[in-house]
Amino acid sequence: MQVDASETKRQAFFQTVKQLFENELPFNRILGIRVVSLGADTALIAFSNRDELMGNIFQKTLHGGVISAVLDTTGGVAAIASLADRFSELPEEKLLPIFGKIGTIDIRVDYLRPGRGKDFSVNAWVMRSGRKVAVIRMELRNESDVLVAVGTGTYMVG
Amino acid sequence: MQVDASETKRQAFFQTVKQLFENELPFNRILGIRVVSLGADTALIAFSNRDELMGNIFQKTLHGGVISAVLDTTGGVAAIASLADRFSELPEEKLLPIFGKIGTIDIRVDYLRPGRGKDFSVNAWVMRSGRKVAVIRMELRNESDVLVAVGTGTYMVG
Amino acid sequence: MQVDASETKRQAFFQTVKQLFENELPFNRILGIRVVSLGADTALIAFSNRDELMGNIFQKTLHGGVISAVLDTTGGVAAIASLADRFSELPEEKLLPIFGKIGTIDIRVDYLRPGRGKDFSVNAWVMRSGRKVAVIRMELRNESDVLVAVGTGTYMVG
Amino acid sequence: MQVDASETKRQAFFQTVKQLFENELPFNRILGIRVVSLGADTALIAFSNRDELMGNIFQKTLHGGVISAVLDTTGGVAAIASLADRFSELPEEKLLPIFGKIGTIDIRVDYLRPGRGKDFSVNAWVMRSGRKVAVIRMELRNESDVLVAVGTGTYMVG
């Protein structure tokens, strides 16, 4: 039986990203973000509704700020995913400072439908990945696959 | 001595908005938002840094999602402020359902500088107020008057 | 043999939209826009490169303003397409005033790659169609299927 | 009498920018753009209404694409203005390739009011100028000082 070294490294990279985004960023813990998967240029995160995340007491829906926060965060995870080929060989202590330089330059969020639901997922995919900036689109859906919000963000990546 | 009835009503309107945004929306309590003042077409809110609001463990700065949440919220308060003339005569129980129909259609946020600081303020002013939608600009500054982020939002108001 | 009345009406509606956007709007004639097809919630337009549309004399590429103009226009055509079910029974003289009320509230354009090419197409699809506003996404590609730019627009539709 | 060398250089820089934007970019000639002034971090352009620039045959107003084109262009001029300190010493033949690398990454345009009027002006000011990207805001007004549209753009500058 053969060990696939690159798959092992890819898994270690994923675990580093997951650990960072789920546990090290205080506000992400409030959001309850779980990093579900990373692709070459994609990211998938999930989170669940809680009373603390509600913004509208009349409609019992997600706060708009929660929606923009999870879209922004998933875009940031996808930005990191797009760097994996370049950086996945690095040990964790060298990865974290690189991640620390990644940042959102600007974001647009479209609130399409009320954020009703129990469990939510956000997909992000990189539309263009350059040496300096990446442009990424995000979509937030509830457990019934209703499209709640979409976003487009420009991220500094180098 | 004469009582200024319209000023009294304006104050009651302000207190209703303040109470709603500070106490009734769970996520706003996490953000620690304080509604400082309302003008005819403007709003000013304040909040203070706390560990829970941090997004970057390397730079100790506000989470981008916190920034977009407070910009979005201040825009929503300004959208309500722009309706005061129309609605400030109404008793609180009639105001709340009207506020519940106000919502963000879309928002753009520009993250200009790292969100460093102890105390932050967000100004919002209405650029256009129509029967159906309002367009509002927002600016987030820290206690040293550093411009941290700006935003533009389109809000449903009728 | 039976005549399909609704298909006939749909075709007349398409011809009205095509005539309006291609011939009646002076700036669209400068852009050389051709309305290729309308779906229930989609639109496809095409245009060809010409010297007048260039913005960068060093790279011989489309002017950014041309790109945003064709994205905005295709979004507007898709906004009209989404109204076809409601309005396709109306005669042309009643349609034009309705179209005249449709307008862009705001738009975001992401310039992903230089606008090189000979023939360009723009797809637009409605992400949410409400009674008052529609949110629409657009994508501009060249004849080699290179994604040059994407956009998201909010349109007043009622 | 003393010659102010830096003022002379600043004037030469302005004339280079003016010549480039007014005469060398074919689409700008269609728009009829005039570069009125450059500041350290600001730009002012002007243009006049013409039949070719109309988008709405019912309301005789500027085409949305014209509005986004002039906002985008004025932002680009302001991006160049913000580089003047770094580059104004260079001769024209070295400036043009630098200008050719400046480009819009993304832009948001808010169409606030119908583009009615005879003469229009667009102001742009740099909100943040970094080594790689600049964030710039723009405002379009008619001759009666009516605010027709505003925009925010992110530009690649290095």
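When the chains are written out, they are named A, B, C and D in that same order, and each has its own residue count from 1.
Going forward, contacts are C-beta pairs under 8 Å (C-beta built on N, C-alpha and C of every residue); 3 or more make two chains touch, one makes a residue touch a chain.
Just so we're clear, the structure is a prediction, and the values are computed from it rather than from any experiment.
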Contact-richer chain pair (by C-beta pairs counted) among B-C and A-C: A-C
Chain of greatest Cα-centre distance to chain A: D
Whole-Å separation of chain centres (CA-atom averages), chain C against chain D: 26
Between chain A and chain B, centroid-to-centroid distance (C-alpha), Å: 26
Distance between chain centroids, defined by C-alpha means - chain B, chain C (Å): 35
Distance between chain centroids, defined by C-alpha means - chain A, chain C (Å): 32
Multi-partner residues of chain D (each touching 2 or more other chains): 105-106, 108, 110, 135, 152, 154
Contact set on chain C toward chain D in their complex: 24-28, 30-31, 51-59, 63-66, 68-70, 72-73, 76, 96-97, 100, 103-111
Residues on chain A engaged by chain D in the complex (per definition of touch): 105-106, 108, 132-133, 135, 152, 154, 156
Interfacial residue positions of chain B with respect to chain D in the complex: 108, 110, 112-113, 127-128, 135, 137, 147, 150, 152, 154
